[in-house]
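Here the structure comes first, spelled out in structure tokens, and everything after it is commentary.
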Amino acid sequence: MSDLKEKAIHGLFMFNGLLVVIVLVGIFALLVGTSIPAFREISLKEFLFTARWNPTSYVRTQYGIGAMLVSTAMVTIGALVIAFPLGIGTAAYLSDIASPRVREIAKPIIEILAGIPSVVIGFLGIVLVGPAIARLFNIPNGLNALNGSFLLAIMALPTIISISEDALKSVPKSFTEASLALGSTHWQTIVKVKIPAAASGIFASCMLGMGRAIGETMTVLMATGCAPAMPHGFLDSVRTMTSTIAIELGEVPYYTTHYYALFGVGLVLFIITFLVNMISDIVLRKYQIKVR
Amino acid sequence: MNKKNIEQNAGITVLFLCLGTVALILVVILWDIFTKGAGKISWAFLTQMPKNGMTEGGIFPAIIGTFLVTLMTALFAVPLGMGCAIYLNEYARDNRFTRLIRMSIRNLSGVPSIVYGLFGVVLFVQLMRIGTCILSAGMTLGLMTLPWTITASEEALKNVPQAYRSGALALGATKWQSIRTNVLPYAIPGMLTGTILGLARAAGETAPILFTGAAFFLPFLPESLFDQFMALPYHLYIMATQHHDIEGVRPIAYGTALVLIVLVFSMNLFAIILRYKLRKVRKE
Amino acid sequence: MQKLKERSVNRKTGKSQNGNGEPAGPGAAKGKKMGEIVIRTEGFNFYYGDEIAIKSVTMDIYKNKVTGIIGPSGCGKSTFLRSLNRMNDVIDGTRIEGKVEIDGQDIYAPGVDVVSLRRKVGMVFQKSNPFPKTIFENVAYGLRINGVKDRAYISDKVEASLKGAALWKEVKDRLNDSAFDLSGGQQQRLCIARALAIEPEVILMDEPASALDPTATLKIEELIEELKNDYTIAIVTHNMQQAARISDYTAFFMLGELVEYDETSKMFTNPGKKITEDYITGRFG
């Protein structure tokens, strides 16, 4: 009797654990299921390899996500170019140079930065970063890829800093001591010994930061201007995959090709972030095992 | 030697400047929001409905909406997250099934929030026919929060000494008895701490609720879980980009941003204080 | 409990032999009458994964006696002890072969209720592990999980158990204080009281005094002397003098095998094997 009860409880918790798998598979399945009808009218080739997205045209609707992919890639790469050096530098300072006092102040700074809602960052993109960019480059408005990159960098920084810092901290002390004993300066040790030794952890942190940047919606939606055309530079307005979904899903009637196509965009987004996260996960895991 | 020193000093200065830049970014963000938003904050702003096409009045319904949807998120995510953590930490062995669950959790935490929004639209709004409402939005945010809740809960369970479990088992407790009477009571405060941090993030999220229940403007408060609602982050988005008089309502946008930030931070602060107190108790 | 069914129990090797092919038990060799057997293991093997931790142990434990189990660290003595109330079940990837009988019942047989087994075979751990509850609630814990609701009964039982563990005088005025307020020795006696409250037949003690100072150790030893009137006690100890002082029988384990098992007086004065003598006289360990 009590045995039965115990088994029932175990079963219940096991199902609860299984639920997580169901949700992940469910997300994938629903995205696939809902985007399939779109491909009755759109060829996969057009969808993936043409640039124009113009689903509401009266003349000829076009469903190419090329421009979106380029836009997403641009803001993401831009974000990493800004966040990578800044993040690694901060992580190196915190792990190797900072006094405990500085570290104690820096930790909440990074936590608070991570806690700011993305919509607030997007808002600041409009009211602060946008006008600054406009003035700096003498253009009519600053809502463009550069703005988005800058904001996404802010959002990716906490992830990059904390994981890189962990990676740098777990470099064995003996490495550092050996390097210092050979007469290297502290600085040389950081650059030539510690950062290379922590490279895979740092790489993983950037991949995670990248995953976050690719999937981020509100900041890019608000701060990049969202022009659907193919961008030619960082001062052009861009429209990422996430912002396209955010802008159009609210207005499109359910169960139309346009609606299904938006789920197709979501599916592509899901697959890309899934792969990016998987890579960082594998690297991080391998790296942890090595350190142990 | 001298050259080495110069290089060293320059290098360390650059690293320090990196940290300084990060800190400066935060200061600028907070400074801008606080200085420009503080003037708008008043009792009336917090407790009145928006008026005149949202160009005047307060943000009361958005505050209430965010509160309700976060509550819904908690009701959905907390039991499920705790249950999954209990399974992983107390019952599961290290086998393929467990590794599959852990891999799913890590991947779920990387799924973009807008994709959760899409999932919510199909599953809750359409397939389950719940419609766009607090319930749908709360469950969508709940799913998004799940990985964080699980991770935090598992951490808390790990902090309960193994001896509490074996001690109970040796006295003839069943597995569930030992968990219920001798593990959970000591893990729940820690579980809550982590969960509140997750909920704070959910409260500030916009993308998952865009299509699952958040409304542009409602002249009344939601009366049931099946009503649409206004939410602080969505309201800020509207005030910043969708309003017909964007420049005119900028102060309202700043005020909303400030309230949102204060809300999210006070949830974080609450969790941090709770964690600090728990550590103190444990040390004694 | 749910994991027990997965355990493979191989009874084929359950022959009445110990690792060296010697007959089991101190009395067996001489045909002496030894009293009632409470626990009997036969050809007991224990594996952590593929690694064998206990090799073919055959051994009897007698009623109302103290049986000391000694041996160098890692010899399997704690593992053996924990096999007697199936506490090893909670460790992943463990497996047994052979037989463990308590009161004539195979405790690894399919369908055995581990929960009631553990109620019958109490355990005191190496490091005292009071629960973060009051002194009273610690002792009452075993009763409460067994569904006892009668308050008067619980409070009588708590008192009796604390008396049984020679702790009552020290704590009777502070039953509602946290168990963590007690000293290390008191905490360990509290854990003994906690085990007594559910009226076990056998009490397993895994180096119960190893973390205590000499005074507290002495108290525990005196207590064990008392307890054997009502209980059967098996105690793992690292301390040879302690085994000599308190146990009636002593078993010497090495590398997972039962090397020698006899009356304590004989083991310590005239051990049957050179290696036992070497260990007891402190030549290794």
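As written, the chains take the letters A, B and C, and residue 1 is the first residue of each chain.
Basically, a residue touches a chain if its C-beta (ideal position, glycine included) is under 8 Å from a C-beta of that chain, and two chains touch if they have at least 3 such contacts.
Quick caveat: nothing in here was measured; it's all calculated off a predicted structure.
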Chain pair showing more contacts of the two, B-C and A-B | A-B
Going by CA means, which chain is nearest the middle of everything shown?
-> B
Per Cα centroids, the chain farthest from chain C = A
Between chain A and chain C, what's the gap in Å when you average each chain's C-alpha atoms?
-> 56
What whole-number Å value describes the gap between the mean CA coordinates of chain B and chain C?
-> 49
Chain A to chain B: how many Å between their CA centres?
-> 18
Going by residue number, chain C touches two or more other chains at 1-2, 115
Expected list for chain A, residues touching two or more other chains, is 2, 6, 10
Taking each residue of chain B in turn, which ones touch at least two of the other chains?
-> 91, 174-175
Of chain A, residues touching chain B in the complex | 2, 5-6, 9-10, 12-14, 16-21, 23-24, 26-27, 30-31, 34, 85-90, 92-94, 97-98, 102, 106, 109-113, 115-124, 126-128, 154, 157, 161, 185-188, 190-191, 208, 211-212, 214-218, 221-222, 242, 245-246, 249-250, 254, 262-263, 266, 269-270, 273-274, 276-278, 281
Which residues of chain B touch chain A in the complex?
-> 4-5, 7-8, 11-12, 14-19, 21-23, 25-26, 28-30, 32-33, 80, 83-84, 86-88, 90-92, 98, 100-101, 103-108, 110-119, 121-123, 126, 143, 146-147, 150, 174-176, 200-201, 203-207, 210-211, 233-234, 236-237, 240-241, 250, 253, 257, 260-261, 264-265, 268
Residues of chain B touching chain C in the complex = 91, 93-94, 161, 163-175, 177, 181-182, 186
Going by the contact rule at the top, pick out the chain C residues touching chain B in the complex.
-> 1-3, 85, 87, 90, 92, 115-116, 118-119, 122-123, 125, 127, 129, 131-132, 141-142, 144-146, 191, 194-195, 198
